[in-house]
């Protein structure tokens, strides 16, 4: 829905998002909000193409370029003076019946969560093969540093600076007192095994792509080989964005 | 599903839950877990019939009577020496198109929550007509003191002693920093208005009854006229149950 | 220090705070911030004298009357049209060597806390004689509903509406995962026993009066017989104050 | 107080802790609890000497070797089969009157906190020179991953895996809603400036060394050049220790 699509200048047809990288653009301009940019980022994840995240509405966590700075940003890029803010992606692999089922690259997060009227699920978390904990909860979020200001924040997670080489695991409404958000090194492997799967439990990638989970499914989260290059006029200031979007630090 | 049903001794037919109060029993024995008791409690909410919550498995927050104490508890009740633990119910009224749609009595909580793959909803909360806050979140929980050890706990809410005359409002994964659980007097009226309703947003009562919500719906939560009388052999000790069920206070 | 003092019109001498009630004023005007009002409130706790909390600086949680509304508020009071916002006080009794040592009335809270360079203390909490939990922590806060927006807030406590008849107990930096803020009925008795007392552990009342605690001391918190009558021009709106002072509900 | 001291075999005199490294031992054996090991770790921080943390009481976060495994651990070390668990240290520099005053290496954390009866302090936090936030609080903790299971945990911080190259900043009882724990890369520089210094505000290193702070002091926290090598028989399992010490993951 929040499609980042181009128009093929010869055929004047909109291009399917998955076909976008075939056109090998030098630069991608995402016009919209964070959702549009997340979508564009995953589409171009396997390329080195920089993305300009232009916000058409209010400042976004990812779309920091206001529309009136777009041309200045492109000029700066052409002159080599723009800032490339490289964000690491996380790779999530769904293993079903003991076999590889599918992988996704996520810029923000991978969420495993139950439906609105379902009972709680049961999850077992392992880190590099070692048991972290097993518990009942509405779900589990594995997030990149970039995603720590997104859904993870609502679930009580910490803020991770974007440059940190790490992932953070946060439970959603766990029915136990003895768990906390866990920050793990970027080269670790987090495994979330679905032990009890209520009606309508989904794996969601960046809040955009979803697949229904089955009993026995396991999701492995690791650092992706790919990354996203966000192009800006000036260096990023996470706390300026937090102040603007979440009243960070205000009384 | 977790039906508390009786058998009509004359017809040997199971009785529909909503018909149970018509038989005017002197005592209700709930055999199962907390879910079974929640179901029985709502069925008998408008009567004065005491309920014995027998747990067939592990100790429950509501079903504290182990099966081997059942007869002793009934004898104590007949001799008038059993303990009646009266728990207040909350009444939730759904107002649709500005008109009364339906009411429910809840022993634990009323949950307004989105589906697994939906975007966040937007809610406006009022207390006795005054604006509390408007925010985006996965949902909102309004809980009785009894329900403070149930779903509210996972959303970061405080523990309320069962005798407290109060309700507690807790947001589920709100995407803002500036909200906290709010404890209000029992005679207050909490209104949750659904401003933006994503796909598959539900109102759920005690985790058991559900109705899909529409844009513009408003849910009013007030103290119910009714209450539940839990029968026990001995006075209740909330912290003993918390220690047993949630490792409360342990290192 | 934040003294609410009057001048004796005959001797033109400032009056000691504890002597203030002897003059039996019809109305007390507190000029300053919340600290000044807390001090005045305790001084006049055993009287029925209403207090006007005028803020000389920014809006306070307790001092909601701006200086330019002072005369209008007094006139409204004289005409009987002002609003009396009655706030319950909490009575804290220090028991030392098994005997009554001293009592205080608190409008906000009673804090038991260690000094900056001390190790953690160990506390045992009882509610109406029943064990709540024993744990190591920097300290413990017992707060009135009025105090829930003060120190308790920083320790992660919930917001309690001022009219609620309740107290809330919150641990300060406890070194365990298995504790949560606990809201208890106003007629309950909370006992905090100091099991291990590090160097420089203090009992502090409303952040203003302090006494050093000794090993074996126990502090009993109960509803006070007294209350404070805050005089205002208009009814109080807690969430308006929260929005102004703590960016409540803002994104 | 919790001194890790040796006896000089020739003079049979106890050796001052700061002189310990001069004896250039091949191995340090810390007998006691986590406090003893923290003390030994700082004493040998500038050497490559491995430390065996033997717990004489219960399992510690740092002292995982039970006394009956001591000789086996030493034999494994001599045979080269023991596990070296390298933990990064944090370097805290106190700048007073704009000039270097003193530095410390910390294995767990650096805490800036006010005394028990003082008002809140005011702090400004910067990260690599950029403003994070300014706020009133009881204090601020800057912690290593190793220290995330110590004091930071009580202040609501996340768990950081020991191998993570990071620091975490957590406010102690901040009087605002708009702050969260922040995890920063190991090569970042956190600056905590003391804007308003109440009576008896202290900088404490690993809960053991303390210096009183003055108005205008600034504390810079960076990755230390040094590290601590903990010697064990087997690889470390953080979650096993968490389960044992904090009931981690238990219901």
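Every chain is named by a letter (A, B, C and D) in the order it is written, and numbering of its residues begins at 1.
The rule is short, and it goes like this: contacts are C-beta pairs under 8 Å (C-beta built on N, C-alpha and C of every residue); 3 or more make two chains touch, one makes a residue touch a chain.
What you see is a predicted model; the values in this text were computed from it and never measured.
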Those chains which touch subunit C and also touch subunit B: A, D
More contacts between chains, B-D or A-B: A-B
Identity of the chain that, by mean CA position, is farthest from subunit C: A
For subunit B paired with subunit D, centre-to-centre distance based on mean C-alpha positions, whole Å: 45
Distance between the centres, which are taken as Cα means, of subunit B and subunit A, whole angstrom: 36
Junction residues of subunit A, two or more chains touched: 153, 175-180, 246-248, 250-251
Touch list for subunit B against partner subunit D, complex: 177-180, 245-247, 250-251
In the complex, subunit B residues that touch subunit C: 127, 130-135, 145, 153, 157-161, 163-166, 168, 175-176, 178-185, 188, 237, 239, 246-251
Of all residues in subunit C, those that touch subunit D in their complex: 113-117, 119, 137-139, 151, 153-156, 172-178, 200-202, 204, 207, 210, 246-248
